[in-house]
Amino acid sequence: GAPAQGEEKVTIFAAASLKNALDAINANWKEESGKETTASYAASSALAKQIEQGAPADIFISADLAWMDYLAEKKLIKADTRSNLLGNRIVLVSAKTDADPVEIKPGLDLAILLGDGRLAMGAVDSVPAGKYGKAALEKLGIWPTVAEKVAGAESVRAALLLVSRGEAPYGIVYKTDAAADPGVKVVGTFPEDSHPPIIYPIAITTDSKNADADAYLEFVKSPKAAALFETQGFIVLE
Amino acid sequence: MSLEVEARHRIGSFVIDAAFRSEGGVTALFGRSGSGKTSLINIIAGLLRPDAGRLLLDGDLIADSEKRLFTPIHRRRFGYVFQEARLFPHLSVRRNLAYGRWFANAGKSASEFAKVIEMLGIGDLLERRPSTLSGGERQRVAVGRALLAAPRLLLMDEPLAALDEARKAEILPYLERLRDETKVPIVYVSHSVAEVARLAERVVVVENGRVKASGTAAAILSRPADAIERRETGALIEGVVDSHDVGHRLTVLRAGECLIRIPHLVTAPGQRLRVYIAGRDVMLATTRPEGISALNVLQGTIVDLSRTQEGSVDVRVDCGGTIIVARITALSREALGLEPGKPVHAIIKTVALDY
Amino acid sequence: MSLEVEARHRIGSFVIDAAFRSEGGVTALFGRSGSGKTSLINIIAGLLRPDAGRLLLDGDLIADSEKRLFTPIHRRRFGYVFQEARLFPHLSVRRNLAYGRWFANAGKSASEFAKVIEMLGIGDLLERRPSTLSGGERQRVAVGRALLAAPRLLLMDEPLAALDEARKAEILPYLERLRDETKVPIVYVSHSVAEVARLAERVVVVENGRVKASGTAAAILSRPADAIERRETGALIEGVVDSHDVGHRLTVLRAGECLIRIPHLVTAPGQRLRVYIAGRDVMLATTRPEGISALNVLQGTIVDLSRTQEGSVDVRVDCGGTIIVARITALSREALGLEPGKPVHAIIKTVALDY
Amino acid sequence: MDWMALSDAEWTAVRLSLRVATVAMLSSLPFALLAAMALARGRFWGKSVLNGLVHMPLILPPVVTGFVLLILFGRRGPIGAFLADNFGLVFSFRWTGAALACAVMGFPLMVRSIRLSIEAVDRKLEDAAATLGANPAWVFLTVTLPLILPGIVAGMILSFAKAMGEFGATITFVSNIPGETQTLSAAIYSFTQVPGGDAGAMRLAIISIVISMAALMLSESLAAAAARRTVAA
Amino acid sequence: MDWMALSDAEWTAVRLSLRVATVAMLSSLPFALLAAMALARGRFWGKSVLNGLVHMPLILPPVVTGFVLLILFGRRGPIGAFLADNFGLVFSFRWTGAALACAVMGFPLMVRSIRLSIEAVDRKLEDAAATLGANPAWVFLTVTLPLILPGIVAGMILSFAKAMGEFGATITFVSNIPGETQTLSAAIYSFTQVPGGDAGAMRLAIISIVISMAALMLSESLAAAAARRTVAA
């Protein structure tokens, strides 16, 4: 039901890729404040639409700006609570763990590297990591040569799996994901200016009546939480 | 207790166009395979909705296509013994038998249940599934199921076809009692003239979807016409039980002026009884024979003779008002010089009258 | 052409333990409903694998539980007319009929196909689906389907039960021809003594899963024992066709010293023929009757008399070597003073010998 | 196998999955029966529309079904608001919503199975029951229903199994809230979305398989027993 | 309705979806028949394992099924490598892989339908065919197969519909490559993942529904015709 009292748990709707970090942070928050939390991890799109339909979320953490903007437009988040919580980088990974590093710069002949293999990445028109990847490749002028070779996965995780299973020789994934997979090697990181900033925004929902929401928001932005985010490879903004 | 049926219906290329009525008792539907007997019964039961037709039972209008009246099957309460058993495969024999009783509210008494089961010899099968029954056993259970539903009208489509003679001989008297005691009208399909002769008051001969002949059993079964199979010609004698010869287990039946001895001690003296005397069982003699085993020697006069067909002739003899049909060879006819008006003796063995 | 069957099998609480052999021709399985006839046929067909048993056809070992030999159903090539038609619902009548011919390779000729269809009267049904057939039509198609599969052995489970007399009279001669001309052995289940008497060389009486009696049709059908239904006692006479009376459409049969006149012109003079004379159709006379229509008056001597049962007695009469059984009332027996050794005349109507 | 030991949260997901699957299966049964009867026997205008509607959850990607459910049955949705106001029946972000999503996703499977069985019923047996005095409702209860039992069981099995595996529509409709809407499948999905989650996903998948297999075997043996009673040797 | 006009890319997705669904349905049919026969008639050790295996794609979240397919049928997977080396049959990133994923996801539905029909076949008819000289293979072809046609058709419909809606396992296994593996569902899914994509998703969903409904109606009328031939009035 709709949480009316402060006694209710804080409910966080967060992009699925934040699960590991947020689980750790929520455990910490419970230790410190003695308060429980509830976290629902799903695709940002689903979460945003659910909030639109009156989901009992207090906090929304999106994997990209688009879905936060979507809610902001509909005045479903408290504008003053919105901030950019995390950043991330996209990297080029190789299926060969002994692959040579490459410098990612304009004119990189990725097509040659791929040979007749595919470039695995998030679906370029729906998955955030895919969109960033495509933007970067376009900016670097590589896109036209590889567009035909892109395999758009359902999520970054799936793209990573394609590489680590050797289905695709190279892939573009988040640094956070790449770091944790021993089956792939990061051969290059995309320059920060080659794509729009990768940002995980956070905000309290307009419907939230939970008195602890503000405190939780503070905690998530605290250095303690920052450390936990960084353990997972995220870049803490601000 | 009267039944009135009128129906026109087309199934594929087959056309039913039949009407008959009966004043209760057993009405036999007689006809060759494919003549439309089952279709007609289905129409009565309500399983087949005729293009046009009327059905009246006992003055109740059950269905009338003109008035757009059609009583649903389950409200007709017509017991139906199907040609192919149609037992419920998921129910035990006991629950198959009990199925209709459930809806008959009052139901029949437990003793009736026991009686029917005993008569049909299915006591040992009660806990079995229909799929484990033999063909005849299945048919017997189907008969029991219909009987126990306390129907207002009983439709029986060759109910005894799969049964041995002994079993038939056990079930037929039960049906006779049902007819006489409970007054449930019965529409009965059978290919057996003996069965029909024994049970039916009325016979309706169906051919190609039409009623070819219809009337009292006596009239239809005695008619030399080919209404029913020629080979089955005979005479249905209606009489009154005159006396019993208990020592010899014989019953004497009086039909008009004739006394006919029939086997077994059937019904009480004074009761009406019908006996079918097949033409093949009647011998003719020009002089009264002596020292023969046949107990029935009836004096009479030849009424007429049929055409010779395949070497045999049907001779109708008037024995004191009762017409008896004898089928004899053309050779005998010549040898004895049989002609209409000639006095003859009709000789009938008593045991030949035992079904 | 010999068939040897031996089987022990348990189905639920029912136990089959039967063995019989036959030297080809038609073997009738006779027995009350639920006695195990269908089970036995299923064992022969291979549909039921007995716990123990042996099956030999013509010296070929078809199945032997000891040798763990079991020829699969389809390699036996035994035509089977099931008790319940079992037509293929998805095939037209024509394709049902043709189903077995397909596998019979050579198949039967087109003329044979036409002949069978004509005999069964199913020519108009060829394009129909089985679900639109009447009960009897279905059974006829089933008979045709089995006949047309060119079987090595024909198993027929009450094939004619659903048919009218006229139709039976058309099919029986065909089966007789099949038996005589093609020499296909037939195992035939029927409740009709007339059918059995006419067709069968051997009769196997089944009771409660066991063979109660088995032997030539003549022996079994004439036996006064209650091997078969008492009501059906009679004598099977084997004889040779002596001559034809073409004008009167009669056939004269010589059996031992007796000449018996039977209706119709059956087979050619010199051919063997069997006639079943039911006890109920035989009259006895102490003096030779004159001026009677019955054509057969056979002189003989009483061999023995059965006990009186329900007012009737079976009398066996030796007519020049041929035993004839007459069933008469106890009353007549007393009146005529019939005792073993007494000379009598057995009187049999010719038309009574027409099935 | 220490790693098989379930955390409290996982136990919760297991219990929730079982509850959701069972409720989904049972509550859709009457509707599936009705729809199957209508499709198999009915002759009415719009039959093919009904048929299409029943198949819709199969044809559409689950996410779309989830969105449609969210829009119709959400707190602000027309049906959701109506049910909440009049019957106090709330689906949004409750386990009931998860059950609804699973029921809808399994519906075409259940209807098809039952319909197939209904079409195979020998209507002559129903006629026989009617001649014995049973009205149509009784005929259905005492003859049709027992005869279509195999189809019903098959449909229930499919619906249950589908409910165990469903997450696309569920997670879209009622989110992924532990203890309320996070079923096993949703939990497995969550695991697959983060680094190092594979072991967790695998563990939960095995649990899901074990549960479903147990349910499967149970139902199969029940069905076999029922069949033996019906068509004995 | 201008907005219903399809772009080239969308046309490609439509054609691909049809091809994938058709191939998935047809190629899984023989295996489904085999599995259904084994489950309905067979008596062998491991029957319940086979049964469980058949149901697995239903029980597991599609993503997991996709992972399993990737591991088994991928270029480096044991089966995938074997098939590629010996038969030149490559699944990864090919439409064939999408078809495989759809076939696997629809398999339990197909098997169940067919199995239900097989269990309803009157084996006495098969016996009758055997007495007429048909060996088991012929009995199957000429009697069993025609009699289970309704179940086969139902199974094919379910499989086709499922293939039209499937994307979880497909996208995980073979990704989302326009013209190669991007089916309609995958395209719909993509639309749902971006703000403002609803109209696009709706448009494609309607197309998918129209196609599936057409296929559905066609199959229903074919099945009805077949049924009329079998159990005429």
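Here the chain labels run A, B, C, D and E in written order, and each chain numbers its own residues starting at 1.
To be clear about the criterion, a contact is a pair of C-beta atoms (placed from the backbone, for glycine too) under 8 Å apart; a residue touches a chain by one contact, two chains touch by 3 or more.
In this text, all values refer to a predicted model and were calculated from it rather than measured experimentally.
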Interchain contact steps from subunit C to subunit D (minimum; 1 if touching): 2
Chain labels contacting subunit D and also subunit E: A
CA centroid of subunit C to CA centroid of subunit E, Å: 56
Inter-chain centre distance, subunit B versus subunit C - centres from mean C-alpha coordinates, in Å: 26
Centroid spacing, where centroids are CA-atom means, of subunit A and subunit C in whole angstrom: 89
Computed distance of Cα centres, subunit D from subunit A, in Å: 34
Junction residues of subunit E - those touching two or more other chains: 63, 67, 167-168, 189, 192, 233
Shared interface positions of subunit B, touching two or more other chains: 11, 132
Residue numbers of subunit A (touch at least two other chains): 43
Which chain pairs touch, all of them: A-D, A-E, B-C, B-D, C-E, D-E
List of subunit B residues in touch with subunit D within their complex: 45-47, 72-80, 82, 86, 88-91, 99-100, 102-104, 129, 131-132, 145-146, 149, 155
In the complex, subunit B residues that touch subunit C: 11-12, 31-34, 37-39, 83-84, 128, 132-137, 140, 157-158, 161-167, 169, 191, 193, 229, 231-232, 245, 248-250, 261, 263-264, 279-281, 283-287, 289-295, 310-312, 326-334, 336, 338, 347, 349-352, 354
Residues of subunit A touching subunit E in the complex: 43, 45, 48, 66-67, 69-70, 118, 120, 123, 125-127, 150-154, 158-159, 161-162, 165-168
Residues of subunit E touching subunit C in the complex: 124-125, 127-136, 138-139, 142-143, 146-147, 229-233
Touching residues (chain side subunit D, partner subunit E) in the complex: 48, 51-52, 55-64, 67, 108-109, 112-113, 115-117, 119-120, 150-151, 154, 157-158, 161-162, 164-168, 185, 188-189, 192, 201, 205, 208-209, 212-213, 216-217, 220, 227
